[in-house]
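Each chain carries a letter (A, B, C and D) given by its place in the written order, and its residues are counted from 1.
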Amino acid sequence: MKIGFIGLGRMGSAMATNLLKAGHDVTVYNRSRDKAEALVGEGAKVAATVAEACRGGAVFTMLANDDALSAVVHGDGGVLASLQRNAIHISASTISVALSERLTKEHAAVGQRFVAAPVFGRPEVAAAGKLFVTAAGEPEAIEAVTPLFEAIGQRSFVVGEEPKSANLVKLSGNFLIASVIESLGEAMALVEKGGVDRHQYLDLLTSTLFGSPVYKTYGGLIADRKFNPAGFAAPLGQKDIRLALAAGEALNVPLPLASLLRDRFLTLLAHGGEDLDWSAVGALAAKDAGLGQD
Amino acid sequence: MKIGFIGLGRMGSAMATNLLKAGHDVTVYNRSRDKAEALVGEGAKVAATVAEACRGGAVFTMLANDDALSAVVHGDGGVLASLQRNAIHISASTISVALSERLTKEHAAVGQRFVAAPVFGRPEVAAAGKLFVTAAGEPEAIEAVTPLFEAIGQRSFVVGEEPKSANLVKLSGNFLIASVIESLGEAMALVEKGGVDRHQYLDLLTSTLFGSPVYKTYGGLIADRKFNPAGFAAPLGQKDIRLALAAGEALNVPLPLASLLRDRFLTLLAHGGEDLDWSAVGALAAKDAGLGQD
Amino acid sequence: MKIGFIGLGRMGSAMATNLLKAGHDVTVYNRSRDKAEALVGEGAKVAATVAEACRGGAVFTMLANDDALSAVVHGDGGVLASLQRNAIHISASTISVALSERLTKEHAAVGQRFVAAPVFGRPEVAAAGKLFVTAAGEPEAIEAVTPLFEAIGQRSFVVGEEPKSANLVKLSGNFLIASVIESLGEAMALVEKGGVDRHQYLDLLTSTLFGSPVYKTYGGLIADRKFNPAGFAAPLGQKDIRLALAAGEALNVPLPLASLLRDRFLTLLAHGGEDLDWSAVGALAAKDAGLGQD
Amino acid sequence: MKIGFIGLGRMGSAMATNLLKAGHDVTVYNRSRDKAEALVGEGAKVAATVAEACRGGAVFTMLANDDALSAVVHGDGGVLASLQRNAIHISASTISVALSERLTKEHAAVGQRFVAAPVFGRPEVAAAGKLFVTAAGEPEAIEAVTPLFEAIGQRSFVVGEEPKSANLVKLSGNFLIASVIESLGEAMALVEKGGVDRHQYLDLLTSTLFGSPVYKTYGGLIADRKFNPAGFAAPLGQKDIRLALAAGEALNVPLPLASLLRDRFLTLLAHGGEDLDWSAVGALAAKDAGLGQD
């Protein structure tokens, strides 16, 4: 399938690579062109403009946040202005429910189609083509792009016909992960101050009740106090909690645990956490308890 | 090994049965004698008093809370007064760190030994002999009772030489499970009010990021709104969060997520939740969001 | 002084009336013209358009929220396009810090001046000319409009040279009032369930430690469960807490009590609280405690 | 009236002095005798034992906490064993609702009477005889000791016939004060990081909406970062919030703001706050926001 791919960060580059490996004809675009050039060896064509990446039947966007996505979608030469009639914009970014709703309307108004398809998985998972894709949109559009999902992920889940449903699910998923981080942070602070070794404790947890990779991965980072380099940076985590809260606000859904996470992220950012992994939130309980930060 | 077993609720009966099956000589005691008689067919001897259950090299206690344990340990004819020198009291109940510290001193003062060995697992897990045992105490004492742990559990973890460490770990573990319940409750309220089916949502979660049994079990109960009969009743959950907070207080460890859980449990109990499973806490976010309770 | 006044809700009408009484030449504008006509008897001139209200040396805006203010300021015929060079836009609305910053820049760019002057006081206080004005802006601009502040309020406070400082102070003030509401709600729920009459309790509080009008006013509304008609409606309270949190987010200031209030407001709104006074948040603790709502 | 007074800390000494000044015949007892001797010049008789202070028609107790009160009440030679039939134990300490209930029963069982009469006011207020007395107990007992209340306070409030009601009201009052501290701490952190001077801000608040002494006193301490010496030490504040939460727990009343305060106090104590005034909790929001602590 002839497609475009816009946004070649660590996640986007891995996804585009897997699309190329699966035999798709991919034209890639990135604001800083070097990341696009890096994929030429994999068979990618490089677009000089957003518009050039919008000439196929579908275009992926994988960008950092609402503003970055809006910047490539709106305005002259943007995705909206460039995509052919009936072509599909697949938004894989973690964006707000509000922007998803807006894009759904805007694309429909000009005869294009919009599918939200945010993904779960850190960069190494993306590289392995093992992402989980959470998709929502009109059934026909979803069906048309399913082969693309198969190229980037191990499984895809269709959660509704309104694209925003997928965004809501993605945000809630990141909220759940952040909840794990906070709960592990508190539990480890408690047992550590009570004299139990936190690595031994984590081993017990993950060997018994909490065997899933989320507990192993984030528990390990917290126990090791290894928050650098960031697999998923704290400002992105803060953004996602903000978007989950905003979605809750629009729906009148109080989310006290998300509120607690909000304040944790702000505390982290107020103390130089900009470049840390979001799991650094899991060290704040220990800090409040007066434990050393080693 | 000749041992006693005091406290034959659903958990205790299952554990005593497995000890009998493993060939140990078990004398059982329960306040209401019928539960003790029920184990005669498995080979148990029935003790008419606590003291009669304390004549072997070790005695298990498996009781509902601090008061119940103290009632069998202290006073005339209690465990402390009855156990032989050097015999071991294995406390499998989920009790406070403070009581564990007190019992450690009291047993030592009369030449007895105290091992804390709380367990993770619901009654059906206990029946299958698949509990996880979290143990702490003097290494020699632990070694002496290890065959008993093997009879009741699939694995045991020694987390320290001070018995209270095991109690702290157990409380923190229940806090982690309650955190899962709360986080799932909030996430499901959010996506459900946004139009996503909560069963489908749970399937997505447990097929992807959250495959551990805790998420499947409690997520299922919340999605089904099936809180009756209680596998682990809300007042017990409330007690454990209270004990985790008390442990945190004694150590100056703030636990904001545990505080949130505390208030959730009180809300549940204030609305007739006495007989519900503790996972009913996971329906409160939906209630606050104005969602129906079906 | 020849001025304009845009936004004639209960607060705005009272303020405009006091400006007229003080002898100023006031041209008033309101989207629904009847509220403007109602002030003709007080000496007001009625503007048919926003632009007509912008011909004096200053123009007040007193609108419900960011969107309403932006709607009269931006676009053709808006305040920005209509105000004379050097004239002053006095924004008395409770708006976001972000919009205040934006307006500061926009007015400066076209040679106009911007003063933020949100006010404290409910409609009856506004009618009595007893508002407290919290002002910020360039000293010369502030000085020029001080006679106008004297007409509407009993005292004005200049909190900085950047207009946004006044908005931040206003938002923080509403946060403090909402905190009083929540704390009274919890305290009353506690003592009431313990058998103490809540009116008697409030009398004790306000006769001793908490004699300020805020405690009397809101405590009385909570004790009486009298949330209708709304002096300040719940959605406005929710908005202000949202803006306080947003300001905190922009500055990396965690605000856990404001987060708690956020969730309280959403719970209220999810249960039909749209038309209630914001003090209805003070009845939620009693509801969570299972107390009747009478 | 011939009475005893047990517990001569800063509060107790001031109260006993005012009782002496009002002409009562007061026998004083304190664990460290020097504080008792110090009142001889005011006319006090010094008791060598608790029992000696229990020979009049009433005895005040003013002690730091449940344990201290229980230590003088229970056991050989304690208040319970020493007081005459029909004599009245006036408990002015801030104690738990549970201990108040227990003492009510115990005194009744031996034909004595129990009145709870905790007080509001810092030591300087006690010295001036301006305390507020919150009393509860049987009407006849209350009436009998009313002249004593008049000697120590500016006004007394009878909140019920069950003594525990007064303790609950006292605890709720301290919770309300702590809520003021937290809310001011957050508001000041927000405006300060936004560029507003916190002293100027406090002046605005206390000149407008929040004129009560609580806001002035605690706001001033927070703005000045003057937490030493402690008028009311942080561990006492922590204790009172703990008791308020415990009272809420016994009644199934969730108290999320009290829970937040609990965690704040533990954070303070985990960072060397033992000797600080409880208003130091009001500096934690600024600390979380990354503001300097000067």
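Please note the rule applied: a contact is a pair of C-beta atoms (placed from the backbone, for glycine too) under 8 Å apart; a residue touches a chain by one contact, two chains touch by 3 or more.
Listed by chain with UniProt protein names: A, B, C, D = NAD(P)-dependent oxidoreductase.
From a predicted model like this one, the values you see are computed outputs, not experimental measurements.
A.B. asks: Please identify each chain that touches chain A as well as chain B.
C.D. replies: Joint contacts, listed by label: C, D.
A.B. asks: Compare the two sides of the chain B and chain C interface and say whether they are made mostly of the same residue numbers, over half shared, or of different ones.
C.D. replies: Counting shared over all numbers used gives more than one half: same.
A.B. asks: Among the chains, which is located farthest from chain A on the basis of C-alpha centroids?
C.D. replies: Measuring from the centre of chain A, the most distant chain centre belongs to D.
A.B. asks: Taking each chain's centre as the mean of its CA atoms, how far is chain B from chain D in angstrom?
C.D. replies: Roughly 38 Å separates the two chain centres.
A.B. asks: Measuring centre to centre with CA averages, how many angstrom lie between chain A and chain D?
C.D. replies: 52
A.B. asks: Return the residues of chain A touching two or more other chains; collapse runs of consecutive numbers into ranges.
C.D. replies: 248, 252-256, 260, 263, 266-267, 270, 288-290
A.B. asks: Can you list the residues on chain C that touch chain D in the complex?
C.D. replies: Contacts found on chain C: 97, 120, 132, 134, 155, 157, 159-160, 162, 164-165, 168-169, 172-173, 175-177, 179-180, 182-184, 186-187, 189-191, 193-196, 200-201, 203-205, 207-215, 244, 247-248, 251-258, 260, 285, 288-290.
A.B. asks: Flag every residue of chain C that touches chain A in the complex, lowest number first.
C.D. replies: For chain C paired with chain A, touching residues are 242, 245, 248-249, 252-256, 259-260, 262-264, 266-267, 269-270.
A.B. asks: Okay, in this complex, where on chain C does chain B touch?
C.D. replies: 256, 263, 266-267, 270-271, 288-290
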